[in-house]
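Presented sequentially are two complexes of chain A, the first with chain B as partner and the second with chain C.
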Partner chain A sequence: MEDLLIKIEKRNDVPTTLYFFTPFIAIILTIIGGGIIFYTLGFNPIEALKFYFITPISNLYGFSELLLKATPLCLIAIGLSFCFKSNNWNIGAEGQLTFGAIVGGGVALLFYNQEGFYILPLIIIAGAIGGMIFALIPAILKTYFNTNEILVSLMLVYVSKLILDYLVVGPWSNPEGFNFPETRQFSDSARMPLLFEGLRIHAGIFIALAAVFVSWFVLYKTYLGFQIKVSGLSLKTAKYAGFKGKTMILIVFMISGACAGMAGVGEITGPIGQLHRMISPDYGFTAIIVAFLGRLNPFGIIFASLVVSLTYLGAETAQIFLQIPQYTGQVFQGMILFFLLASDYLLFFKIKFQNFNKNELRH
Partner chain B sequence: MYKNFLRYLISAIFLITFSISAKADFKVGFVYIGPTGDHGWTYQHDEGRKAVEAAGIKTTYVESVKYGADAERVIRQLAQSGHDLIFTTSFGYMDATNKVAKDFPNVKFEHATGYKREHSNVSTYSARFYQGRTILGHIAGKLTKTNTIGYIASFPIPEVIRGINAMTLAAQKVNPNIKTKIVWVFSWYDPGKEAEAAQALIDQGADIIMQHTDSTAPVQTAEKAGIWSFGQASDMQRFAPKSILTSIIDDWAPYYVERAIAARDGTWSQQDTWHGLKEGMVAMSPYNKGMGADLVKEAEQLQKDLASGKIHSFTGPIYDQKGNILVAEGKVADDGMLLGMNVYVKGVEGDIPK
Partner chain C sequence: MATDLRISNISKIYPGCVANDNVSLQFKSGKIYALLGENGAGKSTLVKILSGVISPDNGEVFLNEKNLKLSSPLDAKKNKIGMVFQHFNLFETLSVFENLSIDATEDNKSLRVRINEILKKYNFSIDLDVPVLNLSAGQKQKVEIIRCLLRSPKVLIMDEPTSVLTEQETEELFISLKKFCDEGILIIYITHKLKEVLSLCDEVAVMRKGKVVSVSQTQNEKVETLASKMVGQKLAKIKKKINTSKNKDEIFKVKHLNFYSDDPFETNLVNLNFSLKKGECLGIAGISGNGQNELFQILSGEIITPDTSIIFRNKEIAKLNPKQRREYLMAFSPEDRISQAAVPELKIYENVALNNFKSSNFFEKGLVNERKIKEHSKKILSDFSVNTDNVELKSQFLSGGNLQKLILGRELITAPELLICYNPTWGLDVGAINYIHETLIKINDEEKSTILISTDTEELLKLSDRIAVIYKGKLSKIMPSVEVTPEKLGILMGGGSID
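Entry: the complex of A and B
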């Protein structure tokens, strides 16, 4: 009697080029998978995909919107890459974004109706500090009380949203706003300068780009970056090497929180211009996909943030032109992550089929 | 110099793309806050859209568009992709609608339930839902045994507070001991939160549930608990056949068809519309016979009187929670007061979130 035996073995030699190439395979598989879904829904798959991936960026306005959407995703994902590279699972970037926006927005309201070149930088710094403080909570609890940072950071998302709710409904609500839960519009000095007339793309993109270069430098050219990477590969090795684990955990969470906080400030001082209850369509969570799709590499993250933003814009145009439900955008994001994880699995493990003779065992 | 040149160049490209993408076909776009399958607010707007489509005019919709940065892009995309008239069907789209309207003077915009008309191509429209609330209040006041009415509210804006007050005043008229308990969910559509709110109100002794939110979760919760409820925005009867006494129906179809045809024929002009039972923008679904034949008759009579103007939902004397007079005896509240309403009347429990 012979049975087929499936054996899973770890591969020892994974080529780096292939490692950076699999995200592209995942994207291609997502496009194929998307085409099949559109086909089964009764749409012409080629036409649907064209509306999804080409129409949104076929003009300057669309392209600027893509950059606008990618800016916070890129910035948050850069911050997260510090955490993830060092095996710290910060899932609460959404909360850090929200709290950063609260602190930054508070400063903006403080300077309501005032002009001055110093106001915007103050708001950005305040936002970064806000995000940092909020990220320090799970970091301190992890280092000193051994709590699980995944749970703590995730639960804090809801805390931050409730604080925001309280503020925009209550003490910070616009006195002329008919009780609607939103603050006043920020004054011009508290708004990100627009790069072009008529487009919404703003100076926040430079913060994201600066973050990309700084993170590349820190991760690949400094001792701290080396520590982060070693801890990520093996915590034991890091311990033997005598790295101060606790300080590093605090630092990566602070970097991550500051980036998320600045992303929040970019949204409220950029396209939104005030605080209200929905300052982010879950950028903090989507950025987790972006970070992994970008292989936690600063330049990979730029690329990944553009791809993921396109799935958002594509979902809107596909609905406008073909009336495909907008939720397909989330399906696409899910598929990208699924195919990426699946191809990673196949990249790091090989599957062996063996013939296995049970009778032999009995003798 | 160079910088300016670049700016002009980009603006020029920008404008050219706009003019190319404009098409000859007359098209109407709709922006929805919830999914078309909410069987409440958005569902009714989509029924209106279908009526426009049936009148031979092409339509497009985008559902579940969040307030904030996304709303402006979606509205802009609709304007840019050749839509000539755009309905933005939630209060929170107010600023985004006006912003986009400024850049597209040839496109007409209609914003539901808002008050800002910053450009001549923006109209606003809403319905006098409070008239329906008066009928609900009358029925609830007669039927409640615990004298406690549970009210699931969305945002503390005048529109919602007006509904709470209209209901409470009508209930007090037939039952002076009535109390209105409110739970704020701070969302228009969140079935989970709405169901929890309904349960919380039932636990606090409410034996009639009504809502100013869009999902069917509250009426379903009421059905399970075996108590009365009222549907909102759309006829929700099939989701809670025993529990629902009646639903306030928003009927946008005639208005949408009229405005779409006016825009197509070039007779559209800016206006601020506030229609009610009289014009049919607010309607009541068939009354549940379980409330008793007499009460059905009373409700139908009240509906007629509200439509004809014989009865006004806000007739004095009306007092606020502290007992200060808001509307004197024999007077009725004017539209200005109704539009800015931001205090509870006597009999409502709790404070407006501030």
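Entry: the complex of A and C
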């Protein structure tokens, strides 16, 4: 009679280099997994992967699209890293993005027939404040009423989407828009300046890059960053050290919400130019993957946002050239997360198999 | 039938450390054997090898001249080797009977009959149908012992069994162990408590740095001789000078400390009142789980309770958080070194920065002053003889003793007027314990006060000027430590009353 014993043991010391290397392993496994999926669908896997990962960025326009989609992902993920590092599970960045876009868009609509250099900064600030307010809801409920921030922040996503729906159909819909569910076009002063003629890449990328550097500074060089780090590793220790836990929860949610709100503004004042129902292809959710793939490290997040952005582009090209649905993008994003979590598990734990024969022991 | 257990030339090498170095020992039934040694002496490794948890690199184990292959805990069980670990492996929410029936091979009816026989035979009084969480530590241990007895063991290994027991429960345990011994069960008793070795065991093997350094009859040994064998050097016996002067200033006073929790795993505290003079050490004894955790957190400011008054240096501080209390020169050393007092994943200097008080300038205008923190950390490492000078080292690489020195150093380097510590020497070896005891005595000599919450009665009697016992969230009267004996403490800790 054979018995198999499976033992799971924690590894004590995980080398830092390996810790930052595992995301690459996850990406390679995702590509292999994608190849297998394409093969079972009857495509030549090498060809299909080429369409997916090489073709989209083989020209300048594609490269600009890559950066365009990486911008909001990077910005939101930077904000989320503050929450995640301190053990606050803000899952509702999509809602904060939407609400930021609503508030920013509202300001843009106020100035729809005016020009002026001050309009765009006003919109950006309004968007940041909008996202911040929306993120404060789960934060306040968590600190004062002990609610679970995962549930609250997630459910608020649908609330903000419904508010947006109501606005673009009702009070804010374009009077000359033949009842299409969209607002007026924003004035030129309310649009992000384009960086190059003919490409969609816009100045929002500078906001994202600034966020990277500011967040690096705050996380690694300030008292706030130190408190976030300690709280993330051990809440008991944070309490013992006397950190103001409630204030910190409010602050990280505000930072996170502001970043998501600005990302929303970047979308509506950048490529979109108005408010309508579909302002984000779930950037707020995908950014969660980006944050973890980038190891919650500001510079890691830049890299991760580019990789994940490519899955969006790849899905579009695959739809055009291979006639497979655009949703394969989400399959790839899901695979990245799956392989990342799986390799993390193997990184932090080892699994031992032991074979033994019961009969042997009987004598 | 007589049992003969022989360990032959066992070696186990871990990277950078020889845990067992050619260990050979022989045990025969009819006697109780002690395995004595400091933390890290190799006792646990040896026990783990005997119980099949780890396999040795070299060497063999013979039971009645049969070579045993122990590659899993199941192998140990099958060979009738029973283990009672220091930490209980019981399901708290299941009943005693359910816990015992989990790995039983017979049906419940006959199992119950057999359990009742054992209860009767050894005079254990345990209700089989209550959830384990309602049992005292001593009763839980009995459940573990019954679990071993059900398999009619030839060898019973007890790993530091008295660390959670009252004096009375310890005595009861010793009576049972002697009975088992008379019935022919070979008993191996692992401990670092010298007195227990002398009162219980017949033969003692002392381990040091992975080697067996001596095997002797306990009747030829004394506490001092065993201690020096264990530590490898003559120990200077330290004893605190009792603080006698009565007209010192009161520095700390707690009034109407009440705490109520809905959490069944927390203990409610009922109207605690006590005060403390300058240079005094107040000991608070008790078995763990009687409210010490909650008391420590209220004194440190992690929990704020309404209506409590805490006066420290003539100021009301009951509403202040730990950081604010530190500004008034209080310092705290919690029981849990690894997940509360320090974060293992952080570097030494980052852990030092956890005690951030205003004059430290660790964080100026919200920015981290790394240079200052590192300088300060270096001073702690050398002043408190932590055996590294690398402040960039992650704390998880420090041994328990060195980590505790770092934490105490961090708390004490600010020259606080009051240090509150909870089990400061828990799980440490004799060398580190002595160092920490000396440090605690020294701060009393410097007219600083300490509140010592501890489950170690020996430590309390050694260090305290006055002692109170906490039992089920209530505090006994506070007694001068000269009037207190271990027996008295044991009675109070077990819920009894004296005079």
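Things to note:
The rule is simple: the second predicted complex is superposed on the first by the 352 of 363 C-alpha atoms of A that agree within 3 Å, B and C clash if a C-alpha of one lies under 4 Å from a C-alpha of the other, contacts with A are read in each partner's own complex, and residues count from 1 in each chain.
Methods note: contacts are C-beta pairs under 8 Å (C-beta built on N, C-alpha and C of every residue); 3 or more make two chains touch, one makes a residue touch a chain.
If you're wondering where the values come from, they're calculated on a predicted model, not measured in any experiment.
Residue contacts after overlaying the shared chain place A:223 against chain C, while chain B stays out of touching range. In the superposition on chain A, contact of A:5 is made with chain C only, not with chain B.
Contacts of A:113 after superposition on the shared chain: neither chain B nor chain C is touched. In the superposition on chain A, A:247 makes contact with neither chain B nor chain C. In the superposition on chain A, A:234 makes contact with chain C only, not with chain B.
When the two complexes are superposed, the chain touching more residues of chain A, out of chain B and chain C, is B. Once chain A of one complex is fitted onto chain A of the other, the partner contacts of A:13 are limited to chain C, with no touch recorded for chain B.
Touch criterion met: A:317 reaches chain B, while chain C stays clear of it. No residue of chain A contacts both chain B in one complex and chain C in the other. Listing the residues of chain A that touch chain B in their complex gives 59-61, 65, 68, 165, 169-170, 173, 178-181, 196-200, 267, 270-272, 276-279, 281, 313, 316-317, 319-321, 323, 325-327. On chain B, the positions that touch chain A within their shared complex are 7, 10-11, 13-14, 17, 21, 29, 60-64, 66-70, 72-74, 76-78, 80-81, 91-92, 103, 115, 155-158, 161, 186, 340, 342, 352-354. Chain contact summary for the complex, chain C toward chain A: residues 69, 71-72, 74-75, 78-79, 300-302, 321-326, 332, 334, 336, 339-343, 345-346, 350, 353-356, 363, 366-368, 396. Of all residues in chain A, those touching chain C in their complex are 5, 12-13, 220-226, 229-230, 233-234, 236-237, 239-244, 354, 356, 360-362.
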